[in-house]
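One structure follows; several queries about it will come next.
Labels for the chains are A, B and C, by order of writing; each one numbers its residues from 1.
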């Protein structure tokens, strides 16, 4: 049974629709990220789950119980806020103990539980300080401690790492994953950072414009994006997206754009010839040899590899590829290149055009493997 | 705006919100909204204050008000007073704020001393100034004569235009600290790099003031001017206590006129009519100010 | 700035500051001068002999102490009533959603700017009809008309400055709305409440017009009208006595100033200019 469930949830502020027709079922013990650009509705979704915002329509269930009308206190959740929201007039110990106090845990019992959490998060020496005397990372731990002190059914995390510097963020990512493994609780994690979502989640829910675009394990999201938005959003450097035409070729369907013709694999049922969009990840370009010729626009050496941008032919599409370091390329020079046709993705036109071809074999395998997991 | 369909929790919160605002609404209705409406209603009657008896006269009060010279004189006085004292408050206030923004010796003491006139009771301010202005023993006349500016003691409050100038000056003295604090608070938020950049571009102190400080202050100055214009326009205590509107009615402003009609001439209905007209005039400033404060909130 | 320019600037600035403060200095000086020295020509800038006889006269032979007591009762009562109502009201206006909330906020701002003379006539009639005129209670009611919109406006601004996340966190941690208000918002709002209370107190302490119209008995008269009546009733004006009264009347303000200046400055910004 799903631990957290959204059924046809909609949230509108006046005429502005923040979340529309959201169906989402999160299994018990799962780590799910809500990922999307700012304004996509991910924070509103989380706040509705917490009981801080109210759905205009639809139902929200936690542990099979409809919670639409329950105040946050009765939903058996804990939340870490982006701003940490530590109570400035309380010490660290009082901050962590507050949820226990509010739930009527006797005073004598609170001390040991606070101490246990403090030990787990290495907050012991800081218990008597006030939040403003702490560094950002320490404040983050206190916020985490306040959520952990009470063993809730669901943890909600709203961009908890976004105010930390890059190094600490990497460290905390690993710690959160470890924490999730140890607690085995359902966690819903809001982020705009795809690296966080990809590395931490069991499944990722990608939102855009208040609508759910795809809900799948990280590998599946990467290998088989459900639509053009997901394809462009996930992956760095992002996927090459080329607008062109789907037509019948001599050996089956073919994608055509200026300077480019590529046979594409089995298509979804009912796909008609016409405008379409080809997606190709940078790693599916290879440089040095191949049937195509391009002009080098840009070479970015990152050390272990190079990111190379080329244009195909005269005024053709611009493609970005990755190549092992050491390839001697000159900006403005010519280079031969090959595209890995079977790995290409095909989407219907429009910013969220749906996927038209079956995922490539390697991607499909990954997706299937990940799909078994939860 | 309430959503068309609310969850039970949302309704419960709304109800709590209404319960919390209820005391405010009750008090507002009892002591502000009801009197305000009855002031407008009252202005259509002729009421004798001591007996509170009277009868319906319709718009007669307004007709005689607009035809009376005293109303127009008071309105003119009101505008002269407001414009004069407001201009001095702003000029002196901005100047003082710039001075206090510098690194001054005992700056916080200086700030307290500057702030004090604003917080002291108008009654105290008036008593002190009346003593300073006293024609026989006042320190001002003594100093002016000693300095050779005047040969003979001046009557500061009993003749015109002295009386108007005096109340304008005292008004400026009493209320300019408001401008000082407001401007000072804004000055402290102007980023220092702006000045450094200007200095690198070769701007002198004067150019820096006009090119950086003044544009940065523009917005807060508009708000200050509107707010102080409203408050100065309705000032009663200071003028009433300083000159009582005299000599004759030379410094009588609309609030004084309302008071005189109601409690000296015992014509309540007429006084209410004056008050309503005065409010209508102020409404212009109020609307400007309210629109200004609303714009700035997202 | 070179040293000389610095000194010149300071001299100039302090001359201006002292000129502004001169009337207050003169008030104190006059209040401790003996009557004989008061009318001396040329006047002495610092008193040759310091006397507190005027203060003694003030306290023993005038109604000053009664007025003072009335003013304290009046201002404290107004402040407590208004701040209590306004704190709840501001919480509701800032953190709740219901129909009419925006119009109410508009009404608050409008009444904040409303001139007293418009309300005073109907209020006078109302209080006479209720039979409570000439009491301190009637003044508390009248003072609410300007103090409540003012306090609401100030507190609304302070309340809006408290991060909403804090309240949300308290709700998730298990508090009810009122629980979060008590545990989290109230402690955070405390500086704002102190500041608002101070301003409300000062406004009430200094109010003159309502006191003039609504009270004409010494039993209920506050300081402002009380001291002015001393000026009017005296056959020849005893300036030293009036200056002593002025100093005494300003004592609460000086105390507030000495200890709570930062609260005063913050309230300043919240009320008027930040909007």
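Everything below uses one rule, namely that contacts are C-beta pairs under 8 Å (C-beta built on N, C-alpha and C of every residue); 3 or more make two chains touch, one makes a residue touch a chain.
Computed from a predicted structure; not experimentally measured.
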Requested in this report: Using the touch definition from the top, list the chains contacting both chain A and chain C.
Outcome: B
Report summary line: Most contact pairs found between chains B-C
**Report entry** Rounded Å distance between chain A and chain B, as computed from the means of their C-alpha atoms
**Finding:** 57
Query raised in the report: Between chain B and chain C, what is the separation of their C-alpha centroids in Å?
Result: 16
Query raised in the report: Among the residues of chain A, which are close enough to touch at least two other chains?
Result: 51, 71
Requested in this report: Enumerate the residues of chain B that touch no fewer than two other chains.
Outcome: 1, 10
Query - Partner chain B, residues of chain A touching it in the complex - result: 12, 14, 51, 54-57, 68-71
Report task. Enumerate the contact residues on chain B facing chain C in the complex. Result -> 1-2, 10, 13-14, 16-18, 20-21, 23-25, 27-28, 31-36, 38-39, 42, 52, 96, 99-100, 102, 104-105, 108, 110, 112-117, 119-125, 127-129, 131-132, 134, 137, 139, 142, 146, 173, 178, 181-182, 185-186, 220, 223-224, 227, 230, 233-234, 236-237, 240-241, 254-255, 258-259, 262-263, 268, 271-272, 275-276, 278-279, 282, 285-286, 289-290, 292-293, 296-297
Query raised in the report: In their complex, what parts of chain C are in touch with chain A?
Result: 163, 165-166, 168-176, 179, 183-184, 187-188
Query raised in the report: Across the complex, what residues on chain A touch chain C?
Result: 47, 50-52, 71-73, 77-79, 81-83, 85-89, 98-99, 102-103, 146, 156
Query - Interface residues, chain B side, partner chain A - complex - result: 1, 3-10
